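Heads up, there are several structures right after this.
Here come two complexes built around subunit A, the first alongside subunit B, the second alongside subunit C.
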Partner chain A sequence: MIARYRVRIPSPLRSYTRGHDEVIVTLPELSPDHGPPLRAIIAALDSSFPGIRFRMVDEQGKLRPHIAIFLGPKAVRDLGTPVAPDTDVMIVAALSGGD
Partner chain B sequence: MPTTTRNARPPARRITLLVATRKGLWTLVSDTARSRWTLAGPRFLGHNVHHAIVDPRDGRTWLAAARTGHLGPTVFRSSDRGRTWTEAAKPPAFRSGSGRTVDHTFWLTPGHASEAGAWYAGTSPQGLFRSTDGGATWTGVAGFNEHPQRKAWCGGDQDGTPDGPKMHSVLVDPRDPKHLYVGMSSGGVFESTDAGADWAPLNRGVRADFLPDPAPAFGHDPHCLRFAGGNPDRLWQQNHCGLYRLDRPAVDWLDIGGSMPKRVGAVGFPIVAHPRDPDTAWIFPMDGTDVWPRTSPGGRPAAYRTLDGGSTWRRQDKGLPASQAWWTVKRQAMTADAREPVGVYVGTTSGELWGSRDEGRTWRCLARNLPQIQAVEASGG
Partner chain C sequence: MDDTQLLRYSRHLLLNELGPDAQARFAAARALVVGVGGLGNPAAQLLASAGVGRITLVDADLVDLTNLQRQILFAMDDVGTPKVEAAARRLASINPEPVYVRVAKRVGPDELAALASDADVVLDCTDNFATRHAINRACVGARVPLVSGAAIRFDGQVAVFDARDADSPCYHCLFGEGEELEETRCATMGVFAPLVAIVGATQAGEALKILSGIGATLAGRLLLYDALRASWREMKVPRDPACAVCADRR
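Let's look at the complex of A and B:
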């Protein structure tokens, strides 16, 4: 089975997705209730759009401070979080800064 | 000693200035007389571009180090003089598992003339990276980044200057690609003679009067380090604690700030070498008193030039604002071209670009209303 995810892309990252604000990522489904970890979705995203991962995730595997990811309505920072198939993934460039 | 005299007059060519700002990259291109300048840009609008530089080995490869408020740091590369850009496939990043993360790439240096495609990058926090493919992929220089003394030299990644501790002033000896110098704020000046496999501090004679021991082996705050023009055995240093010169093989820096006027002081960020005369350099002093405003002393901006190796400095402010101009000029934001007479250029954090085509005697504003200028590099002279 193939798990399918709709991933919403914030404007600062759309130079990687050729302007698309939403892309579809597909991965092999591990089980109906226990999807692949979030990092696998980001890795698949990087395969399609090279370079996008490093702008969101640092070299130690942590989400960068001003990037947030929502799985459905829930914000997560742990990239090991399993993502059930068909979950909407929303990447957010968090409101921050001012200069 | 390969010294070129000032009599070698290069042909008159147009100058291209790469102006890296807090919000993108601009170029400013002159006519051959350097009297008319055309501003173009921005590229990377919204990106904080810390440094952008032309590869002198081919004249057409440009590299730019950038990040945005939200996104991680990266390097962009153009092989057609800035018309099109490609992002590095593997930007500078510390080793996974090291616990360290690059906040931004702060400094770019083209490698030795004999090593086509080689580049160095200095980062914040302090790290040294090398590319051998023209900036497409970057690898940490393990001899520095993994050095057992690195943390002792640099302190913690949260220590140092207000916007993060930095490696800057990566210098490659034009006679020997294995001979490198770097400056670190904080950390001091370090030297490698084996292509970065090992490093040693090179700070004797430099004050660090903000530390309990004012003369430590390392922990200093060099702001900018440059080879003297025509003589890579001579180094200029603008430090947090004054001005210095080093004539190798000596290892003791000579304090050359003593003749600066007391009301101005010997503190600043940049130091710029004449491209051919090893006795000539420019600085742009700032206020390093009290809480360190880092603005032009008294609100009266001026360059100072030495013609005698730092023994004396002469003020150069003709054409610059005479009062109420509270400029800050960052360490990469002052540069010189290679023309005769030399052109000198200064970018301010208030977004003005000033230039002199007569070695600092007279100045005029070349561009204004830009974002905060982080770096200015000249090419084409």
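Let's look at the complex of A and C:
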């Protein structure tokens, strides 16, 4: 079975996704109720859009501080968190603009 | 309230949730608006027109021609004038009742801490991460609610971080520090003019709710606005038990 994820891309990262604000990532499903870890979704995203992972994850494999990821409405920082199939993955970048 | 005030504030007085008690709380309230640009203009205008008693405006910049596309308090005659001066003048022409305190310089952590502890609510309308984190620290230290807004291109973010509430996260719980952050500046990336008014007005709405104690604030939630799709999303933001800024707060 193939697990499918809709990933929302924040505007600072859309240069990697050719301007798309939403992309679909597919991965082999591990089990119906225990999806792949979040880092696998990010890796799959990077294989389609090279370079995007480095903007989100540092050299130590941790989520960069100005990036937040939400699985559905829930914030997640642990990239080992399993992601159930069909979960919406929302990447949010801190915005500094206000002027 | 005198007759003029009854007329001026009548549309708020008509709301059962507000009424004369809330209006009196507005009049006694102190709001700190840091950043008097795209977000700070509409936010400050709505606080002033609602009759918030003292509004402190902090911004070191001068009005520039490029500001006039979206910074609705300013006019051609204001170009070259300190933003806090031009804004205070315009706000006083809309409502002369509040006291407008002008701080026309960059403020460091100590000054921010003093300004925050002398406020009932703080609105972060700034344009850089260093100041955002400094404001957050000041608000956590002073236990003053922070209404945070940001806008770039067609994307807006609004959240409330209420250090008085043991369950509420702070800005640092959501977005940390620790590395060179890429600034998203309107000057280089552009910004849709109505977006800053939408976000700034939402900030003012949250501030007025905090000051009057009505409704449910955005504490613990992050609102994301996509102006291209005209859609809002709401995300839950938990406290980070290991937060470098607020983990010790109870």
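Following the convention adopted for this analysis, the second predicted complex is superposed on the first by the 94 of 99 C-alpha atoms of A that agree within 3 Å, B and C clash if a C-alpha of one lies under 4 Å from a C-alpha of the other, contacts with A are read in each partner's own complex, and residues count from 1 in each chain.
Here, contacts are C-beta pairs under 8 Å (C-beta built on N, C-alpha and C of every residue); 3 or more make two chains touch, one makes a residue touch a chain.
Remember, predicted model here, so these are calculated numbers, not experimental data.
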item: Touching partner for A:90 - first (subunit B), second (subunit C), both, neither; value: second
item: Which superposed partner A:61 touches (first subunit B, second subunit C, both, neither); value: first
item: Touching partner for A:73 - first (subunit B), second (subunit C), both, neither; value: second
item: Contacts of A:12 with subunit B and subunit C, given as first, second, both or neither; value: both
item: Partner chain(s) touched by A:51 [first = subunit B, second = subunit C, both, neither]; value: first
item: Contact residues of subunit A, present in both the subunit B and the subunit C interface; value: 10, 12, 58, 64, 66, 93-94, 96-97, 99
item: Subunit A to subunit C touching residues, read off their complex; value: 10-12, 21, 58, 64-66, 68, 70, 73-75, 90, 92-99
item: List of subunit C residues in touch with subunit A within their complex; value: 35, 37-40, 61, 67, 124-129, 132, 149-157, 174-179, 181-187, 189, 191, 196, 222, 224, 226, 228, 233-238
item: Contact footprint of subunit A on subunit B as seen in their complex; value: 22, 46, 68-72, 74, 87, 89, 91, 93-102
item: Complex interface listing, subunit A residues touching subunit B; value: 10, 12-13, 50-51, 54-62, 64, 66-67, 93-94, 96-97, 99
